[in-house]
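What follows are several structures.
Look at the two complexes coming up: subunit A is in both, with subunit B in one and subunit C in the other.
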Partner chain A sequence: MRKFGMIAILFLLLFMTACSSGASSSDEYPSKNLEIVAPASPGGGWDLTARSVENVLSGQSLVEENINVVNKPGGGGEVGWKYLESKDSHSLAINSSLVLTNNLLGQSEMTYEGFTPIATLATEWQSLAVPPDSEYESSKELLEAIKEDPASIKIGVGPGLGNDDHLSLVQAASEFGIDPSQLNFLVYEGGGDVVTALLGGHVDAVTTSLSEVKDQYLADKLNILAVSSDKPVEGIEDVPTWTDQGIDLVFPHWRGIMGPPDMTEEEIAYWDEKLSEMVETEEWQEVLENNDWEGFYKNSEETKAFMDEQHNLYKTLIEDSGLIK
Partner chain B sequence: MRNLLRVSLQVKILGLVIFLLLLVLSLVTFMVAYMESNEDVEKAENMALQTAKTVSYMPVVQETFIQNRDPQDINYVSEQIREEVGASTIKVVSRNGETMGISGAGSPVAPTDYYRAVVFGSNYILHTGEGNDEILKGISPILVDYGNYKKLEGAVITEFQMNDIHNEITADIKKIIAASSAVFVLGIAGSFFLARSIRKDTLGLEPYEISTLYQERDAVLQSVKEGIVAIDQKGIITMINVSAQELLDLPDHAEGQTVYEVIASTQFLEMVVSKETIVNKELQLKDKNLIVNTRPMRMKDNVIGTVISFRDKTEIKKMIDALSEVRQYTEDLRAQAHEFTSKLYVILGMIQLGKLQEAIKMIQEETQAQQQVTEMFFRNIRDEKVQAIILGKLAKASEKKINFKIEEGSSLEPLPDHIRLTPLIIILGNLINNAFDAVMDKEEKIVSFFVTDLGRDIVFEIADNGNGVEKGTEQQIFQKGFSLKGNNRGYGLAHVTEEVEVLQGNIEMDSYEHEGTIFTVILPKDKDKRFGRGR
Partner chain C sequence: MDGSSFMEGLFISLEPMNILWIIIGGFLGTIVGMLPGLGPATAVAVLIPVTFGMEPVSAIILMAAIYYGAMYGGSRSSILINTPGDGSAIAATFDGYPMAKKGQAGEALAISAVASFIGGLIAVVGFIFLAEPLANFALEFGPAEYFLLMLLTLSAIVALSIGKMVKGFLAMMLGLTLSTVGIDTQTGVYRFTMDIPHLSEGIDFLIVIIGVYAIGEVLYNLLTIDQEKKEKKKVGKVWFTKEQWKRSKWPILRSGPIGFLIGVLPGAGGSIASMISYTTEKQISKKPEEFGEGAPEGLAAPESANNAASVGAMIPLLTMGIPGSGTTAVMLGALIMLGLRPGPLLFEQQPETAWALVNSMFIGNIALIIINILLVGLLVKILDTPAKVLYPIIVLLAFIGTYTLSYSTIDFFLLLIFGFFGLFLKVMDFPLAPLVLALIVGGEMEQNFRKALLSSDGSLDIFFSSGVSIVLFALTVASLLYPLIFKFFKRRNQAKKTDRISKSS
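The block that comes next holds the complex of A and B.
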């Protein structure tokens, strides 16, 4: 009888400590300085996203704790995300589709499922651009030409294969019935080099993010044949989307934020609240405008579904399309 | 089941070892083989991918694309690498499926195999085919550096026949099995020798034989009357038999305790720890007189324990006492015969001298005395044992000029069977002798004996007119070693008391200084009915 009593007391104690520790952690989060990891060197898109989030959250006093931005460049995001994996829930990291494709392309062992999705913040759109004097007036004309003789059309891309710039055109070509393995891609060091190559006449077309070519387009230095958005982009409404031209393709180049594995529901809820407030601020709208980004906010739950969907999409694109066509 | 377990030690050990070895070895073999094969496949996969990558970076491959170098050169290099890594095929294909170089047996390459390499620049592993035709492919893109830009120009495909890998794994497993078989044989041989060695140590006896033997020896040890105790060098009792327990009056669980805990006698303990052989030493322990022998057990000059055996001397002493008493009677009878002879000579002398009247008178006196004694004696005291004792004492008394009277009214039917001669001799002999001794220095020496068996008890009464017992020593005189008659004596009354107690009777003493002493012994006729008075 006494034994049973002891066991009961033990359980009670265990239960109480469990309750108190659970309660205290949810009360206290965040209990120390926060950290946002930009898995790239300063100046890139990821770094810009991280610093903008930090600016708005701190500037608008949405978060009282200090927020530090940490740069962990290397391996197409791999180094920064590896770093995040080892941290507690006070660290978050900026991500993009690379968190999916690195694994699919056999460049990384990490999967997106190893992290806690927090939010999708913003997106850029992809564009297909040609020199102003190009013989191809529309994307259809260009794709027809590629279909005729894939090797004759040189397409610039950078900084590596497998990024959204590359994948968006691969998908477009697939949709049009072109064997993507026949596409004649020239790989340049970065987005700037790609545009330079185009302006210098070294390539016949480039696929890159819209922000890289928008100014040149407005200055009439090149022609944009298609954007990957779902509706015409503000400022360049005359540029048609892929869907406008009969090709079923909407391809966002999104950026989001994620946390280390195993964050509690309370911690996730905290960020849902803060970030949803943040994207409503004027400051954030300003950031979007200045960077030619589009608001693409999804909360943690939506982001999780979105990531799953994107993962399937990329998986199909990378593994299956070659087998079908 | 019992018969099944009752097999020889060798069979037991061998069976167990074989079972364990088989279990452990098969487990280990299986585990190692499993891990080894996984590792081998993984190693082959890495090798395939690394080889493909290496070939893709080789200048000769790059230059073939940049400067349209003779593709034949690729064949030389790749052949060399293929030989080295043991691949079945190394193939270099261009983006549009053209084979730029090949070494080894070529199988047609499906464009789907290298699609991801030439479109996305992926490095990856493929397994194609089934069963014996399964082929492991490591695929790497060829990214040609044109200075300003890079371009995916093709892919390198390194192929390994899974069959070869499986063969290697099988060979490895065979080696492991061979090694474990060797261990198995060694284990069996080892257990065989172990069993043999154990048998040697046990003098060729099987364990159950040993246990039977042990029980037998134990029973022998327990059945002897001599007390036997074995102790180790720390004084812990390792063996003790029933007799020893009784003699030393020890509790049942004495084994495992030290002798110091259970035995109080310092004399005994001294003997135990002396580590010398002691032969027939007498020792007084509580109320017992023991004869002790000890023998230390030695192993290479170290004393590892002692065996102590002892007998109760009390019983022997009693027997000796009884014997000497009997001898005394014969002596007394001889003395009486001698006295009679001298009386006869006196009568002869009187007759020869013609003093017939005196002679007749003397004869009459003698016969009357005899008759009076014997008549009453044989009429009233019917027990032959008591008769014999009293007759002996009468003779002794007459020799010592003591007036030994049988009181009027004494009567005794034959005693019940449980009262035997020896205790009677000890009880009556001692008491009467003591009475004789007490009156020796008196002028008028009177000792009287009375017995009656009316009622349920037999009552003996021996009275003397001696000096009595000194006040304050009444209790002591029943104790062993106390004597008024000098050293090395004083067992008499103690023995008497013991015997009386054995017969479940009791003894009382009344003493009046300078007037005399009366000892009264009361013995029950039916000893089993005397509840509460026995030991």
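The block that comes next holds the complex of A and C.
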């Protein structure tokens, strides 16, 4: 029985050290341990991004101070970002387009402007996939069929409407002259479930991130009709982009990092320097390759402009999608 | 199956370092499985930073060992303190705890370890020969089939509540109601979240399990402590009797394949597998009235099933890159970080890695049965621990476990609410399992029902459109009508007997 007690105490100590944070301040930044907030549970995409950043920054001695990854899951990032709001400039958080869409969808009071943009780090691309024996061999054929009778084509998406998987197809449909609110979406729990549904023939097409379907495509288990990148993707050069097929659409599914409100110029400059060095390292290149991500680095200033532009795009897409009235 | 890579995989898994990882993983899994709230998903996630420096193949072997190790551990606390460590260990409370109360704790621990072992072995053999066809079989499951599978699981509530049917159904309704909290996936509408962002992802069933079982049990015992104090608990032997083995043998062999098949289905998992195997055994048993009173087969069956399910869950992960459970989802993320991509290309490009994992599960199950049998003698001492020491520790573990679910103190309030709620249910003599079971499957069941109807344009025909769905429907009906049929035959038999008696006289 004593063993149980020991384990319990050990765990408790572990949590206490993980939660504690010193509060000293001096002119030099950073003046204490740094913290990267993953607004998700361990093992998810945001968590792995946070841990990769931490791993490369510490492993390459780019940053001397200790970096802790803190998980604050809940509310599609809401819980973690609320937490970030209350912290000082030694905390940063991973973000993605949800930081824009949560507010646009009316699910959050917070806006992206309430935070300090630090960097855009990497991107994935979106894909539109069909079963191998599908009668649709190009995205045009599929979109034509949808135009004819939107209800007849079941499209799998996950884990919720309003995400990039959903909105990238909304944009493609609008470009093609289809009213996106008429699209017949079946919402699954996650990217994996969407692919299972497609392989089992329970939906006619899926819109999901490329990494979910790339291996299945290489194994001839499904066919990818279009990717949302600006140029063909390495390894699957034969898959056409949307632009190749005459549809004006480049849709990144980006991940970035941001800080609490009102960081000083020196603090921002510190991260511009460190992160621009980080994305050049071989270790970071390996992270990108393992995850099927593509380098998408933008410094703080570029990220600010990028976010403004993305905000306007998402606003239009969400209005078009019929999700808000 | 490709013989040379199978052998190569076997040699990789037999490397001393990998055997060490198997043992460490199995032991860790047993421990976290035992502790309420700390599950394999948390353990694997906490280990992610550790795996950064490891060979990918060692990492996957370690993580898998934690996963099925937790299936062994989960039932330990179910049996000893009536507190399941995870959803898949709920069924172990039905007969495991009564056995411990009857003074057969040692026997119960031993038989559940052996059941897990045999279930695990059956599943590994199944994996070796059937991985590919089963992966394709799993694809047949569309929304309609998943809905019917979950309906079949809920029909278990009938079997569980014989004698207190109304209370069982009330508890189930409550569970289903709780499962509607959170964002509705089909429409994005927030349901019953009361503007608390924390609730937007729903109420984690693990909090409810910890609350109603662990906290509820402690509170209940505080109320009744004076009556029980005097009686010295017997722990029994540390091995089971021949009679117990004879009763458990066939249920174990039947439940292994059932659990394995259900485990292969993404999203179904150990909770459903153990529940379905429990009710199956209860319904085909000649002595169903002994179930719930400490029947060894009522413990052995779900234990065999849930361990087999954890092996089955590796099939969609390895052959399709699709995680079938919370733990395999975390594993997938970690493996991608290491540059190992489970999926349709894994068996083509790195067959030795895949087969190393399969072989490691063989070794792992052997290691685990040894670990768990050795632990029996130690664990039964928990029953001798005075309440004033044991209960504070259970409460402490419950809070820690809850905290690790989402690193938030808001969950503590939920935990306490469900703790008092569990106490209330116990005092009123409501069964707890229907509540938790309904909460576990409720959300998915609703979403699948709606997805099925969306894809069929509202026609109910979709629920009878495939062979799988018709079979599932028939099983559900049989399961629901079973108590009536049982009564009918009993009455007829009695009538015949009295008939014969009256004739002969």
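We take it that the second predicted complex is superposed on the first by the 292 of 325 C-alpha atoms of A that agree within 3 Å, B and C clash if a C-alpha of one lies under 4 Å from a C-alpha of the other, contacts with A are read in each partner's own complex, and residues count from 1 in each chain.
Everything that follows uses one rule, which is that a residue touches a chain if its C-beta (ideal position, glycine included) is under 8 Å from a C-beta of that chain, and two chains touch if they have at least 3 such contacts.
Everything quoted here is computed from the prediction, not taken from an experiment.
**Student:** Under the stated touch criterion, which partner chain does A:Val170 make contact with: subunit B (first), subunit C (second), both, or neither?
**Tutor:** first
**Student:** Once the shared chain is lined up, is A:Gly162 touching subunit B (first), subunit C (second), both, or neither of them?
**Tutor:** Both subunit B and subunit C are touched by A:Gly162.
**Student:** Of the partners subunit B and subunit C, which touch A:Pro180 in the superposed model: first, second, both, neither?
**Tutor:** first
**Student:** Of the partners subunit B and subunit C, which touch A:Ile318 in the superposed model: first, second, both, neither?
**Tutor:** first
**Student:** Quick one: name whichever of subunit B and subunit C touches more residues of subunit A.
**Tutor:** C
**Student:** Can you give me the overlap between the subunit B contact set and the subunit C contact set on subunit A?
**Tutor:** 105, 107, 151, 160-162, 184, 186-188, 193, 197, 202, 323
**Student:** Going by the contact rule at the top, pick out the subunit A residues touching subunit B in the complex.
**Tutor:** Interface residues on subunit A, with respect to subunit B: 105-107, 151, 156, 160-162, 166, 170, 180-188, 193, 197, 202, 318-319, 322-323.
**Student:** Touching residues of subunit C toward subunit A in the complex: what are they?
**Tutor:** Listed in rising order, the residues are 31, 35, 41-42, 44-46, 48-49, 52, 138-143, 183, 185-188, 190, 197-198, 200-201, 266-267, 316, 320-323, 329-334, 336-339, 341, 343-345, 348, 381-382, 385, 389-390, 393, 396-397, 400, 403, 406-408, 444, 447, 451, 454-455, 457.
**Student:** Please name which positions on subunit B make contact with subunit A in the complex.
**Tutor:** 95-96, 111-112, 115-116, 118-124, 143, 146, 148-152
**Student:** Taking the touch rule as given, give the residues of subunit A at its contact with subunit C in the complex, in rising order.
**Tutor:** Touching subunit C from subunit A are residues 1, 4-5, 7-8, 11-12, 15, 41-45, 47-48, 51-52, 55, 70-76, 78-79, 82, 105, 107-108, 151, 154, 158-162, 184, 186-190, 192-193, 195-197, 199-203, 215-216, 218-219, 221, 286-287, 289-291, 323.
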